[in-house]
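First the structure, then my questions, so here it is.
First chain written, first letter: the chains are A, B, C and D, and each begins at residue 1.
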Amino acid sequence: MSNLLDLLVAGLATGAIYALVAVGFTLLWQTSQTINFAQGEFVMLPAFLMLAVMHAGAPFWLAVILGILLSLLLLGLGFKLLLVDPMLRHGVLPLAIATMALAIGMKEAVKQFFSAEASPFPSIVPAGDVSILGRVVSLQSLGVLALAIAVVIGLTLLLNRTSIGHQMQATAQNPTVARIIGVPVERMILLTFLINAFLVALASLLITPIYLAKFSSGEVLGQAAFIAAIVGGFNQVRGAIAGGLLIGVVDNLAAAYVSTQYRAAVPLALLIIIILFRPQGLLGRPEERTV
Amino acid sequence: MRSRIFAGLLLAAVSAGAAFAQGGPIKLADVAELSGGGATVGNNWKNGIDLAIEEINAKGGLLGRKLEVTHADSQSNPGVARAQVQKALDNEPYVLLGPGYSGSVKVTSPLAAEAGIAQIMGGEAAELTQGGNKFLFRTSFGQQSSMPKVAKYIHDELKAKSVAIVWVNNDFGKGGRDVITKEFAKYNIKIAADISTEAGQADFAADVSKIKAAAPDAVFIYLNEEESARILKELKRQAITVPLVGETTLVGQKVVELAGDAANGARGHVGLTTDAPVDLVKAFREKFVKKYNYVPDHNGLKGYLAIYMIKATTEKMGKVDAKRFADTLHGLTIKAASEPGILMDVTFDEKGDIDRQGFLVEIVEGKQVVKQVLPKLN
Amino acid sequence: MSATAKYWRIALGVAVIAALIIAPMNFNRYGLYILSQWAVMTIAAMGLNLTLGYAGQVSLAQGAFVGIGAYAAAIMTTQGMPLIAALGVAVVMCFAIGWILGYPALRVQHHYLAFVTLAFSTLAFLVFRNEDWLTKGIYGISNIPRPNVLGFATNRPLPFYYFCLGSLGIVSLAMWWLIRSPWGRAFVALRENPVRALSLGIDTRRYTLMAFAIGSALGGVAGTLYAPLTQYIDPVPFNLSLSLDLLMMVIVGGSGFFFGPFLGAMIAVLLPEWLRFTEGYYLMLYAVAVMLLLIYSPTGILGILDRYLSERRTKAASALRAVAKSRLETAP
Amino acid sequence: MTAVLEVSNIKKSFGGIKAVDGVSFDVREGEILGLIGPNGCGKSTLFNCILGQLTPTDGEVKVDGKVVTGLRPSELNRLGVSRTFQLLQVFPKLSVRENLILAGQEHQGNMMSRLFGPSDAGLSAAADQMIGFFKLDHLATEAAGGLSYGQQKLLDAAMAFMGGPRLVLLDEPAGGVNLTMLGDLKERLAAINREKRATFVVIEHNMEFVMSLCTRVMVMAEGKLLAMGTPAEVRANPAVIEAYLGH
């Protein structure tokens, strides 16, 4: 029984990581029908931006700030203006495929310009353990969990309590109507891209000390976040959080009680079941079917 | 004065002519995992090769001729590896280098053998050198020679009766796991838990809790460096205190760097490592870090050694002769005293397997401490 | 199309086929291997083109189907069974699995199928790796024999290349037949406008499943050729990245165009050669090129060509229409 | 005359809004029934409920006396019920002839014969006849997307007739068609009704078009049936004038 509790705690800690990555996913989908297959790489890159700044001799705090600013510029503004805007009129699919190419390009660029090796990354959370109710939990995991919770609260407040949030929701639900009632739709869409860029930079900052800075570390993350987003509900922020936590826990339980060789299969099986029987996800709203 | 200039010119002309007569640079072909899942392996290997070639060429080359290497990307895919090796062989290189993945070695080694060109590769799977291929050479211990040493240590020194095995589920990890499982059977050591993990896995909580439940006398860990560091942290967190034993990838400096305190007490057999307590190896490491800005793993060392194996063999023959290369390397002993680039004395047997000194080390307060030197067999 | 254009087209086709047969006779082993690989990948990409380009369904599992075909061939031929039997098993299995995987596509939005197939792709990889008793796991299966075709051994590179080329020829003819048949028309209809297709009596469900199943079965066919080509297989090549590569091939070449996969596979197989001078940067350049291409023309290279040709045709047609219009308006 | 289509008490609501609220009517064999009403009165929703594109909340649809409620559009089409859409729906990349063959092919043979049989499903002659009938001869091999709007509208209508339907539901066939083409279209529809004994239901806003083409006219308002009768009767109905013609 204590074993099960350990697994739950560990699963929640990993799940919080997936959740953080998944949130941005759902935001992009909602406001601009962008399925970002490079989301994992988006989390991988900011850490390298920060490392690059540090290699140039800057202190860690400055590297963090510059890294976040560069992420906003590259992964927010640049991504939207250079790839999404020109592609969007072609429909969902070509854009999704373009992001797959983007993922390859980002991985290769980091490998070529930085290193194929994993690099350690300083942690902003002290690398210790604390004991909670007799379970030993790492501070880093707690940090991620705390941030994930803060992000949900922050985003929920932003979306529901501020006028910008209402405008963003209007944009997500029906851009045409939103435009008619005077919402600056373009600016709102840009804002979601910037929020996504900010979130992945934060995630990168928190996750990289655990995952290490490596060009390929986005692959596992991206896929897990993907599954989390769909399982939770593609069109809901809280769905992504719930999905992330669930996938983290399911993954741990599967490894402990099903088979370590097939642990990766269990979340995928969950994904297929969800798509078949509740395609809008656990917490999502139904969307119209096409055929 | 004049005559001296004249003599100098003459000398230059003669040496240039000699180089010309020798027929230009010696061509080597490398096929490695430069992209895809094995990119870390392949890029280390490539950098090691480039470093060694740069050194040799800076000192006037091999028998007065420059070494020249072409790198091709196998994309970590045996099918592509085969194509690239085929292409490399069509250009008739002196020696073929790589690949690093055992699967890719398996699919390409018949081609090199058919062409009669020696292949110096990075694969560690036991079976590679068991098929009677006369052209295939290792750069490191095969698992069939390293695992018995680990098993013996676990049995003789630790007196363990039951062991949990944690391995990474790729050809490297599975190969090691299969060999050591057989070795444990010889000593009647019970396998308390047999845990497969994924490459790149970040969360080892479930795996460690399984180990905890199995309550073994020791844990054998066969993962890559990054995953080793993560599992060591998790083992410490879940307060598992039994001895942790592994191979080069468990007790390397990199693991210590990444795992911090959690690495203390980890022990393992080390065949080829940049942490070896050998001055030449330390010097290599410095050179590598200076050039590439990071500490190589053992694949960087393997690539470096491959080039010096070529140098030593060629110098032994006294000429560049692709036909006789493999024959010459079989049974050859290369001494570090005469060829410093080989770093440690090494002997190649008839199968292309390597014999070299090894170490049993333990991490004590963040430092590798050699507990036992395992001598070269002959 | 004017008669001369038609003759030019036929002449071009004959020339290409002749070149594919004659030119490789002097190729070295590497050249033949690359060409064989091109033929095999083209078959797999053609299958995906049917699913994606004609019927509009996104599949990220084509690599897994190639894997199923390759394992069927490897397992059966190393047991002494003929390759043709393996082909039968592979086609039936891939068709059936494709059919079942297509069901989610009927229930949900298009892009969800991408996720289902992505999941399947990973599941297939796990089965290939973990079920040692059948697939020899991560160690892979080696010494896969090459077949005897009509009494000819194809062990050597040139005969095996002809075997691959012949298979590609047969598959191409079958595909040509299929897309010209009423089925092909129905596939296009359900890609372009499923609602209208339904109202014309087209059973979109059945055609969707069929497109998916046939496309998958072609993946299986490619797999049964891939195994004897490399003569060794392990699970690694059949992971998600092969599916992504195949998807890129179809997109880059031109999805929905008959010759798209031929072109896309050629670029993917030969590109590392062409970009060799860029050393480690070629994949990065490839990625950038794909993005630029998609921005400019989401229907790939043939899409650009098609746009150019149809612009010319429209000019001709508008002239024609002007004449027709005057005739229509003066009609009683 | 027997009823080809019997619609009884069809209801359809979206959320709380009743788009169609208990509509019943019969369509007799060979007639052209007009369906008019102000925008948003539920005409298109009614069509979609009859044709299986939407599932009605309540009510029953019979074709030739057989209950067809809940059948998929493709199944209905193969029972001889065909339609056009309010917005143009041809397949722009296929040629005019291909569009027509596509429209008829599912009425020929079975899946296997459609795969292994001739590529035109034996419909080339029928398609050419239809092309001739709609005076599109010179455009047979043109891509449908390259046609003018009016020509596409003709093609759209022609496609609805390819399967040899018993009943055709036309949703605003005259919308956006210029005057020259309009006369042509009306004349063709009347001719096909005469020659092929096909039964029509036509939604249309162009009063002149409806009144001159249809044998009976049905008026809808706010989801309900308001009036039904000959064009002359409907024109004279005060309720209709009030609700619709009045403005």
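Methods note: a residue touches a chain if its C-beta (ideal position, glycine included) is under 8 Å from a C-beta of that chain, and two chains touch if they have at least 3 such contacts.
Chain labels with UniProt names: A, C = Branched-chain amino acid ABC transporter permease; B = Amino acid ABC transporter substrate-binding protein; D = ABC transporter ATP-binding protein.
Please read all numbers here as calculations on a predicted model, not as lab measurements.
Any chain bridging chain A and chain B, meaning touching each of them, is among C; the list is complete. Path length between chain A and chain D in the touching-chain graph (shortest route): 2. At the far end from chain B, in terms of centres built from Cα atoms, lies D. Put simply, the chain nearest the middle, going by average C-alpha positions, is C. Remark: chain B and chain D have CA centroids separated by 75 Å (rounded to whole angstrom). Inter-chain spacing, taken between the CA centroids of chain B and chain C, is 39 Å.
Computed centre separation for the pair chain A/chain C is 33 angstrom, with centres defined by C-alpha atoms. Touching of two or more other chains is recorded for residues 129-130, 204, 280, 283 of chain C. For chain A, residues touching at least two other chains, in rising order: 108, 111, 261, 264. By the contact rule set out at the top, the touching chain pairs are A-B, A-C, B-C, C-D.
Chain contact summary for the complex, chain C toward chain A: residues 58, 103-104, 106-112, 114-116, 118-120, 122-123, 126, 129-130, 190, 194, 204-205, 208, 244, 247-248, 251, 280-281, 283-284, 286-288, 290-291, 294-295, 298. Within the complex, the chain B residues that touch chain A are 35, 37, 39-40, 42-44, 169, 195-198, 200-203, 205-207, 209-210, 212-213, 225-226, 230, 233, 237-239, 257-258, 260, 292-294, 297. Those residues of chain C whose C-beta lies close enough to touch chain D in the complex are 178, 180-183, 185-186, 188-189, 192-193, 195-204, 206, 310, 313-314, 317, 320-321, 324-325, 327-329, 331. Of all residues in chain C, only 28-30, 33-34, 37, 129-130, 137-140, 142, 226, 229-234, 236-237, 241, 272, 279-280, 282-283 touch chain B in the complex they form. On the chain A side of its complex with chain C, the touching residues are 35, 83, 86-87, 90-94, 96-98, 100-102, 104-105, 108-109, 111-112, 223, 226-227, 230, 261-262, 264-265, 268-269, 271-272, 275-276, 279, 287, 289-291.
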